[in-house]
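After this come two complexes, each holding subunit A, first together with subunit B and then together with subunit C.
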Partner chain A sequence: MLFFKECKKILFSLTFLIYIVAVVGFYMTQFSHDAEEEISQPRQGLEDYGTIAKEVPEILMPGAANGLVSEYLNGYYVAYPIGFYKEVKLSEKKTAKMAEIITEITGISKEELDGFSDFDESGMTMMPDGNGGYIPVPKEPTLPEINIPDTMTYERFRELMRKADKIIGGGSQYSDNNIVDNFSRVPKTYEDALAEYNDIFEKDKVTGAYARLFCDYMGIIVSILPVFAAAALTNADRKSRMEQLIYARKISSVKLVLTRFSALVITLAVPVILLAFIASFRVAKLYPENSTDFFAIPQMSVGWLVPNIMFSAALGMAFTEISSQLIAVFVQGVLWFGSIMSDTELTGDIGRSTLVCRHNSLYDRNAFMENFNEFLFNRIFYTVLALVITAFTIWIYSEKRKGGLNVIRKNIIGKSKT
Partner chain B sequence: MSFAKILSVNLKHNFRVHFILAVLIAVLTPVVFSISSLDTRAAAQPIEMLLPFIGTVLLTPIFLPEQNQEIRDVIRSKKTDYLIVCLIRIIYSVAAVIFITGIFVLFMKYNECEVTYRHFVGSFASSLFLGTIGFSVAGLSNSVSAGYMATIVYYSANIGLKDKLGIFYLFSMCGGGEFSDKYLLILLSVIIISIVFFLLKKLDK
Partner chain C sequence: MEKIEIKNVNKYYGKKHALKNISLTINQGMFGLLGRNGAGKTTLMKTLAGLHQKKSGKITVCGIPIENTKEIRSITGYLPQEFSMYPNMNVYEALDYLGTLSGMTSSERKKRIDTLLKKVNLTEHRHKKVKALSGGMKRRLGIAQALLHDPKVLIVDEPTAGLDPEERIRFRNLLTDAAEERIVILSTHIVGDIEASCEDIAIMNDGKILWKGTVSELINNARGKVFTVNAPQKYLSQIRKNYIVTGMLIQGEYNTVRIISDTIPDLQGVNTDEPNCEDAYMYCLYQNGCEIQGGDE
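The block that comes next holds the complex of A and B.
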């Protein structure tokens, strides 16, 4: 049967061997390490339990206003337009527009801002520690006095922040995605920390929290490696000069491409799901007294990781079919690199088109659940996209069998060498 | 066939696409990372985290033209040793890595980044080592795909394991690690490439 033949081809390939080494290696070095010890209950009476982002206008407005004035006086604005750190310097025209926003928020005119000479950046400064030594402490920036008028509503303030973000070019600290996290953080109380801890046992049944962490680590690898297996499988006919022979066979293009695609997805997904079961055993053993949901990690793996395997495999097949393995790897590599480097928040910050979804923590269930609809949309989107790309590959393959696309491929894209 | 002839034929037929991709990586780097007025450590980020992929795209496909068994059989029947041809390819590919890295670091300097020769050597070392991984796996397995894959796995291990990798950590300058590790990476690359050539000669590949 063709399906088993294709599976056999994949299972005995070097790319599959490297895939297994990588997946098992990531499991052993990353996930296993985090599943060595039980999560400890927060102790009462600690000075610091960290902070959490909470939208409190009374905290957010002065914080964001200070930040904007500080960056204006600095002469550049920090932004992550496509996920990477950038210092954006504005033109005179845009600086004037930014000054208008600051004037509306703070009452400070452009002339006053430009003439302010006592500006001192925030950062660290050395202070006496009381024992004759010095310790570094955060230093507040020296800024002109900022008084937000009482007439300024929160809605108008956020509207102005969106304008400021647009002037900077997006991805700034004032964008809708970042403003609360950057300027409205409140100290976490013991009760908050305890509630978060209890969520792991009550709502997540322990394994739910570990399922997110497992998928976070595995997602890095399975979002890129299937493209190699797909490209190698698709290229195998060309490499063994069997292309023309297969073109002449009776089997339909739909059946051939779909069989290969499903063989790829199943052979690449099975090792990950097996590891998910092993992870479940490990977690259940770590918490013998708690009732754990044994299937949470495998279930989450199917929903979270299989769309990544499908997308990467589909893209690998399509680009190898129309051009070469090199181009397939390059395209998937660019998408993968862009995604892993743009994940500035590693917990819960999952957008509708995020390729590599991250949640690198056993905690922060709420952050994940707040974005759960986005997450669902995201995974369905990549699944559908993978199927659309596969349909495109079927069309390409059938056109090539007819002889139509070979001419285009040779003349426009160039001869494939891989 | 003379050295010049081998060089010109290979540059014409086996280098162009890979060189274009390497240049594309260098051109894309300022699009994704800021390279203006960066201090020493911040300047290490683009040159250690993205630029080293030029090593992958230039060194991994050294054996690509003869990946097909029939072509390799024809090549082996020629008077010129096949591995000499591969050695020439390595030399010009490494020269291209040095050239692109050098231009990029100078461009950063022009953009008022605090870059020194250490950034150049550090970036070159990471590129060379990443490329050496791809070259070795591709050469020994006769599969360029496996070579590319190995570099991605190694790069991912750097993201996950960070400085636990010791001298093999590619992003050591970003984390303020020992600079002397970069010289070790270059030395290791040369040793690994030599071992691969020795093994290929022994295996008569």
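The block that comes next holds the complex of A and C.
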């Protein structure tokens, strides 16, 4: 069966060996230590238990008003209309409408807003360090004084925020989905922390918390390494000068590309799932008194990590097919690096298009659950994207078999023969 | 109907007109496609194997339109000019893999691979890694893979290039055996391969078919146009300048020079000679106005 033959090709390749060493190495150095650490109950009397999103009008209204004025003065609005980061610039007409909203919620007129010159959203300034020297510190943006009129009801305020979101085009910080999380955060109390702790034991069955941490660590590595295996497998025909022999066979391009893609995903996912079982076993041993869910870590690995493997493999196949191994690795590397280095927080801050989802904690369950729908969207999005890219690869492969894309390829890397 | 029909086929690579109004009928048996490097042979071979698309014209392979690539691929075996296989697979595994891609069942593959390995004399090397095979062995493995799914048409592109004389003869014999029950198209620039194994041939140059017919017709075409003369060394460069020289045999102070010409050369002691296939091929190129560099130093 072709599937097993493709799996065998991958399993006996150098890139797979490197993948195994890297994945196991990452598990040992990053997660292994945490798997020995028990989740501790929050202690009473601590100063800080973190924050939690809670709808408090007195906090939300000034926060959101500040945000809106700040973005108005800045000249653009951050939004995620279909999950992707976008800086929205408004037309004059829409800017006037936005100014009307700001005037209603703050009393500041459009003329005052437009005439405000002290605003500096970014940059650094030198401040005395207390020892006679100066150190660079980020400038605090200076905003006009905002006073929400007493007559402004919370309902009216939210209605105006919905309007503002609509003007921006949806997906802004002021949308119903985002406004509480963005502008109404309150410090967690001991009771909140204790409830979260109890949830970890009752709802997560302990292993759920370890599953998030396991996937956080392994997600870093499985978001980049599969591209090497995919590029090597795809390039093997070219490197072995076997392309023409394969092109001339009866097999359809759909069957061949899909079989290779499935073989890649399965062979690269299995070691991670096996490690997930090992992790489950170790966690279960750590909590002999508790009822743990033995399958929580493997299950979450499938939902969290397999989309990354699929995406990286699909991208590796597509770019290698259309250009070269090097380009494939470079493109995936750029995406991976961009995601890793983005300024999202390490716990629960999962956007709809974040490639490497992070939750680097055994705690903060609520932060993760608050974004769970975003997380689901994100994983489905990458799965679908991987399948779309694979469909594109099938088309490319099919065209190459008919000699159709050789000219393009020749122009791109100047290697192909016609 | 076991034949390939090519009618007014044109193919372009960007602006380059690679196949110019090609028309050919190829029947069962060995068919030789002769031409210089860059004449368009590989392009025509790839087009027949469904690996290139033509711009215009019509091709049917055993009654199947060339556009029906899946069916064409199932009845065609192709051995490209330059090929290899996964270096870490052994001979059996490589054939088994390609057989799978041809849609053969496990038992079909086993039976057919055993038969073919015997035929190409590689049975004892079945567990040898592809990277450890010699050039000749690789070529034989190549022909085995092309015959694996028992195709009705076998297309081989420059298969003997780089082989030693013994391997070349062995390879030609393999092709001749294969041609007993199928169409075999042999593309080459080596005249000896065509002369030894093909009856029907076509000569290509610059994307065009210059000549088609049998080898004996080609030779007949050159009859009375081949001459030999014994000339001293000092006259050789003058002879090369004025005539198409297809061969020279050094015999002491004199050289026996083989010349192609439409008229009797104005040389002392010139004799008419029987043309061989190489002379006939060169004459065909000369007759069609192709620039021939063989005569110049």
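Operating definition for what follows: the second predicted complex is superposed on the first by the 268 of 418 C-alpha atoms of A that agree within 3 Å, B and C clash if a C-alpha of one lies under 4 Å from a C-alpha of the other, contacts with A are read in each partner's own complex, and residues count from 1 in each chain.
Definition applied: a residue touches a chain if its C-beta (ideal position, glycine included) is under 8 Å from a C-beta of that chain, and two chains touch if they have at least 3 such contacts.
Note that the coordinates shown come from a computational prediction; the quantities given were computed from them, not determined experimentally.
With both structures placed on the common chain, the touch criterion links A:73 to neither subunit B nor subunit C. In the superposition on chain A, A:220 contacts subunit B only, with no contact to subunit C.
Shared-chain residue A:231: touches subunit B; no touch with subunit C.
By the document's definition of touching, of the two partners only subunit C reaches A:251; subunit B does not. By the touch criterion defined above, A:326 reaches subunit B but does not reach subunit C.
Counted by residues of subunit A touched, the larger count belongs to B, out of subunit B and subunit C. Applying the stated contact rule after C-alpha superposition, one finds that A:401 touches subunit C and leaves subunit B untouched. Within the superposed three-chain model, A:341 lies in touch with subunit B and out of touch with subunit C [touch as defined at top]. Residues 418 of subunit A contact both subunit B in one complex and subunit C in the other.
On the subunit C side of its complex with subunit A, the touching residues are 13-14, 43, 46, 49-53, 69-70, 73-74, 76-78, 80, 82-88, 96-98, 100-103, 145, 149. Looking at the complex, you find that subunit A touches subunit C at residues 1-2, 5, 9, 12, 236, 240-242, 244-252, 256, 401-404, 407, 418. Residues 14-15, 18-19, 21-22, 25-26, 29-30, 82-87, 89, 217, 220-221, 224-225, 228, 231-232, 235, 239, 325-326, 329-330, 333-334, 337-338, 340-341, 414, 417-418 of subunit A are the ones touching subunit B in the complex.
Within the complex, the subunit B residues that touch subunit A are 17, 21, 28, 31-34, 36-37, 42, 45, 49-50, 53, 57, 61, 64-65, 67-68, 141, 143-146, 148-150, 152-153, 156-157, 159-161.
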